[in-house]
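Multiple structures follow.
Two complexes, one shared chain (subunit A), two partners (subunit B, subunit C).
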Partner chain A sequence: MILTLAVIFPLSSAFVIPLLHLYGSRGLRLFLPIMGLGAFVLTLAAAASGFGDYALAFFGGWPARLGVVFVADGLSSVFLALAAFGCGASFLYFYEQMGTGPWRFYVIFFLLQASMNGVLLTGDLFNMFVFYEIFSLAAYLLVSYSLTWQAVEAGLKYLVMGTVGAFFILLGAAYAFIATKTLNMAALAASFPQMPKATLIVIAACMVVGFSLKAGAFPFHFWLPDAHSSAITAVSALLSGVVVKVSIYSLIRVSLLFFGDALPSVFDVITVLGVLSLLGGHLMASRQQDIKRLLAYSTVAQIGYIMIGVGMGTATGIAAAVFHSFNHMLMKSGLFITAGRLAEEIKTRNIQDMKGLYYHRRGMVLAFTVLAAAIVGVPPLNGFMSKWYLVVASVEKRSFLAALALVFGTVISASYYIRVLSVFYTPGEGFSEHESRRPVLAIAALFSACCVVLGLLPFFTPIWELFVEVGSKALNTKDYIAAVLLK
Partner chain B sequence: MIKISYATAIFVFCIGLYTILSKRNLFKTVIGLTIMESGALMLIVTAGYVHGGVPPLIPMEGQAVNPLPHAFTLTAIVIGASDVALALALVIKVHRRYKTVDLDKIRGLKE
Partner chain C sequence: MGLLLLCLGIGWWLWKGVAAMEDPEFIIGPAAYYIINTAEETGAANIVAAILFDYRGIDTLGEASVIYTTVCGVAMLFSKSKYKRSSAGLSFIARRGVSFLVPFLLLYGSTIILMGHMTPGGGFQGGAVFATVTILLCIVFGSSFEMSRIKPKTKETIESLGGLFFVFLGGVGLLAGAGFLANTAAGFPRGQVGNFLSAGAIPLLNIAVGMKVGAGLSTIFYSMVRVLELEFGEQMSEVEGNDKN
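Here is the complex of A and B:
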């Protein structure tokens, strides 16, 4: 029940908002915070219900083979929690800044949240495609929401690339359906190992190309820097923090469930894509003068880190990838909110024009510094912990090239983040003397505090063992199949 | 028989992909998207084909065709239509600013 509600509640919120708007803004002011809070709590509840054991919801009472089923297991729980926190933070930020005025934004926002929860929960390949397209459409709309020419162009570019990716996923799903006559993911996983290799390769190629296009991995990354840098601040944080993570989740889910036993060479391809996007993203980021573009290219690189973890295909690798996804959500959402807010206040995104910002906006720049240090991987912050585990995973798998790339990428990222920070801390003049408003500072401080806490937590609590358990559970496809099909 | 239909579907899909990759006109890009979609949908529809099959209605004589792919196709058509509608809306917005839909003349965002 709770699984269904996690999708239904935001979806009906998106439907109700225009109706409330018809009856004046009072209802909207009253109900909008409730909707945001409700979506947050329900998503977290769905995450909690699936964390220990498999939680299932059958639509219309049909068994999994005949109907659509929602499955929450450890992997989807972690990503649901990630989505809840990322969406919540960006909702808070936007609500603080704009209030209830731009009600259309909230319609798209709740549509996005509902469909993301849908992708994370569904156990049916075609259903996943449908939710995927709803959330992509909402994301295109959010990118071009401000209707400036950059936003419109970036949205169009994102739309074309994203739709091409979607049709590749659809093609893969069609092949899988032709081969097995089913679209339930557990049933597909059960019948894939008996299939001829050529069929598997075609399906895997379609899926990997589709999901990489959607996630913005290196050879397919063209749209990502434009989309993430042209959108308004709250949307940039949401896109970089949560939306790409949902694509990563689908990649992990599909590659483990379908090709984990049947076609292990998929993981090598994912590793290569990861290494490419890591190096490419960092190299492109180091050449940027626009702070939001720099952060967007850094996202490409961080997707590379996560994909390397996925490509290891071991419990440690998956655990490190999931841990890094969570950390990246915190770091990059925080960075986009702080940097975006600073850029809005001083009305430029050029890094060179931000000289001496520290002496005028102490709180925001300090938060930015902590977050940048975390994403570079300064111990003992959370970025260091997850990168450490990623390196450990790739050394365990004896792919030293990937480990080298991880370390080398960190060096490049240190160079460009230090460039930004040195500009911030060089004395300079010419900014109006007013500190950002309290709530924004609080959100930024919360993000940086989370980064510190998550960095220290693995020393005191067995949080890493929790992630390893999630990873090994995600690898254990037999349990998944049994849990879904036999109930 | 069925092999030809598969090949046709993939051929159509590739035409759409080629259109998107090679044409510099935004309208042709959108047309390419719809062609790609049609290719993928054709493949799904052929998946339900049974040689000599009858419609899957209750007084049934002989083997029925698989009705599931048609439901998928209808859903996917709706999704494709909304994608294309949004794409065209954005193309109109781009055209209002630049008075052209030629990608070579629209160099707003740097690579």
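Here is the complex of A and C:
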């Protein structure tokens, strides 16, 4: 029930908003905050219901083999919580800035949220593709929402690359369907080990390329910096914080379920992609003069960190990847919100023109500093903790090259974030004296506080053990298959 | 040349993936189950409709939402253009001819939607026919005529109501405790296979999808043709301006 509602409620909100707009806008003003809050609460509730044991929802009352089933387990729970917080923050940011005026934005926003929840919950390969289509379309539209030529061009680029990625995912799904005559992921997982090797390799290649394209990993990243930097602030935060994580979730889910036993070399490919994207992303980021492009390239690099964790294919590796995904949502959404707001206020995105910003926008710059320190990995902030666990996981797996890349990447990222911060703290003149509005400051402060708390939490509570449990449960495909097919 | 070789290589590799699979002699998996049990379990004579709207109903809701997203996006992208003037439309003969045709087209569209559970067809196809009618009106009579007959506001209302109707029908199943989009399990009457009134909620879901798709495609065409006319109008005024100079 609650799993279904987590998708259906935002979806019906998207259907209701045009009606409310057409027949009296007072209704829109009244109901929009309720819709945002409802979607947030329901997503969190779905996350909570799946955290302990497998939670299932059967559509049409059909068993999993015949119909479509929603499955929530630990892995999807963490990503659902991530999506709830990320979407909530950008909803708040946009609502605070624009009110209920641009109603079409909210329609697309709720479609995006519904379909992301759908991807995170579904246990059916084709259903995942359908939700992928909605969510990619909504993302392209949100990128070009401002209708400036940069935004429209970035949206078009994203559309073309995203469609190519969707094509690969569909091709992989079609091969899987031809080979096994079923689309349910648990049934597929059960029959993958008997599949001929040639088919298996085609499916694996299609899936890895498709999901990496959607996630913006290095060789396929070139749409990402444009899309994430030219969108409006709320959308940049949403895209970098949440949307790419949904593709990471799909990559984890598909690679563990389908290829964990059948074709373990997939994980080596994912590790290589991760290392490439880490180094490439950081090197490109260190050359940027535009602050939002810098953050966007930094996202490419952070996707690399997460993919290295996934590529380890062990419980600790998956746990570290999931933990880093959550942390990256907090850090990057926060960074995009603070940097985007500052850039909007002083009407430039060039880093050199931001000299002395600290003396005029103390609150925002302080929040930016904490978040940047977290993403670089200054102990004891959360970025340090998850990077530490990533290094531990790769050393456990004896892939020292990946561990070395993790450390080396951190050094590069420190260099360019320090460059930005030193510009902010050098005395300079020429900004109008007014502090950002309270709600934006509150969001930024909340996110940076979360970074501090999540960094300290592993010392006091067994939160890391929880993540390891999530990882080992995601690795245990037999339990997943039994839970879905035998109910 | 290198590119051609690369494409051929990938094609060969993909072909090897297909060739490695052995084709079973019989239909296996869920497909076999659908063929045997659809009529009994859902009451629909059209197995494809039963799979689309009953066994895998949530996929259909998703696909209809893809169209909804596209419509919203097209309307958003073209919202900045201001409507200037309508195209004049076609000649008297074309107008008369189309006005004779329109009632039959409407009937045809309704048939496709309403009989979707018995014959090939359904909400998507019938909705496309309805959209074609509005597009024909727009081309033959000019877009201002079409706008005055079927207001954009009406279209958006129909589209959103279609989506809500779909969700409502799904919600009945949820409230009945049989799962979202449950059909006969939620108490919708199964009827006699092959009768007009059969297959429980499937005809209603077809209507919902038809509303959504018909109004949506029509809105897409309308938003885009306005821009074309705008550009055409601008060019014309430029030509006139050049003539004066």
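The rule is simple: the second predicted complex is superposed on the first by the 487 of 487 C-alpha atoms of A that agree within 3 Å, B and C clash if a C-alpha of one lies under 4 Å from a C-alpha of the other, contacts with A are read in each partner's own complex, and residues count from 1 in each chain.
Criterion: contacts are C-beta pairs under 8 Å (C-beta built on N, C-alpha and C of every residue); 3 or more make two chains touch, one makes a residue touch a chain.
Given the structure is predicted, the values throughout are model-derived calculations rather than measurements.
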Touch check for A:Leu366: first (subunit B), second (subunit C), both, or neither? neither
Q. In the superposed arrangement, which partner chain does A:Tyr145 touch: subunit B (first), subunit C (second), both, or neither?
A. second
Practice item. Would you check which partner chain A:Val130 touches, where first means subunit B only, second means subunit C only, and both and neither mean what they say? Key: both
Looking at A:Val164 after the superposition, I want to know if it touches subunit B, subunit C, both of them or none. Which is it: first, second, both, neither? first
Where does A:Lys181 make contact in the superposed view: on subunit B (first), on subunit C (second), on both, or on neither?
both
Between subunit B and subunit C, the one with more contact residues on subunit A is chain C
Discussion item. Under the stated touch criterion, which partner chain does A:Val68 make contact with: subunit B (first), subunit C (second), both, or neither?
Written reply: second
Just checking: does A:Val392 make contact with subunit B only, subunit C only, both, or neither of them? Give me first, second, both or neither.
neither
Just to be sure I read the superposition right, which of the two partners does A:Ala445 touch: subunit B = first, subunit C = second, or both, or neither? neither
- Task: Answer with first, second, both or neither: which of subunit B and subunit C does A:Ala48 touch in the superposed model?
- Result: neither
Both partners, subunit B and subunit C, contact subunit A at residues 126, 130, 133, 137, 140-141, 144, 147, 152, 171, 175, 178, 181
Listed in rising order, subunit B residues that touch subunit A in their complex are 13, 16-17, 20, 26, 29-30, 33, 36-37, 39-40, 43-44, 46-47, 66, 69, 72, 75-76, 79, 82-83, 86-87, 90-91, 93-94, 97, 106, 108-109, 111
So, in the complex, the side of subunit A touching subunit C is made of residues 1, 4, 8, 11-12, 14-16, 18-19, 22, 57-62, 65-68, 104, 107-108, 111, 114-115, 118, 126-127, 130-131, 133-134, 137-138, 140-141, 144-145, 147, 152, 171, 175, 178-182, 195-199, 201-203
Given the complex, residues on subunit C that touch subunit A span 13-14, 16-21, 24, 28-31, 33-34, 54-59, 61-63, 65-66, 68-70, 72-73, 75-77, 79-80, 153, 156-157, 159-161, 163-164, 167, 170-171, 173-174, 178-183, 185-186
As the complex stands, subunit A meets subunit B at residues 126, 129-130, 133, 137, 140-141, 144, 147, 149-150, 152-157, 159-160, 163-164, 166-167, 170-171, 174-175, 177-178, 181, 183, 222, 226, 230
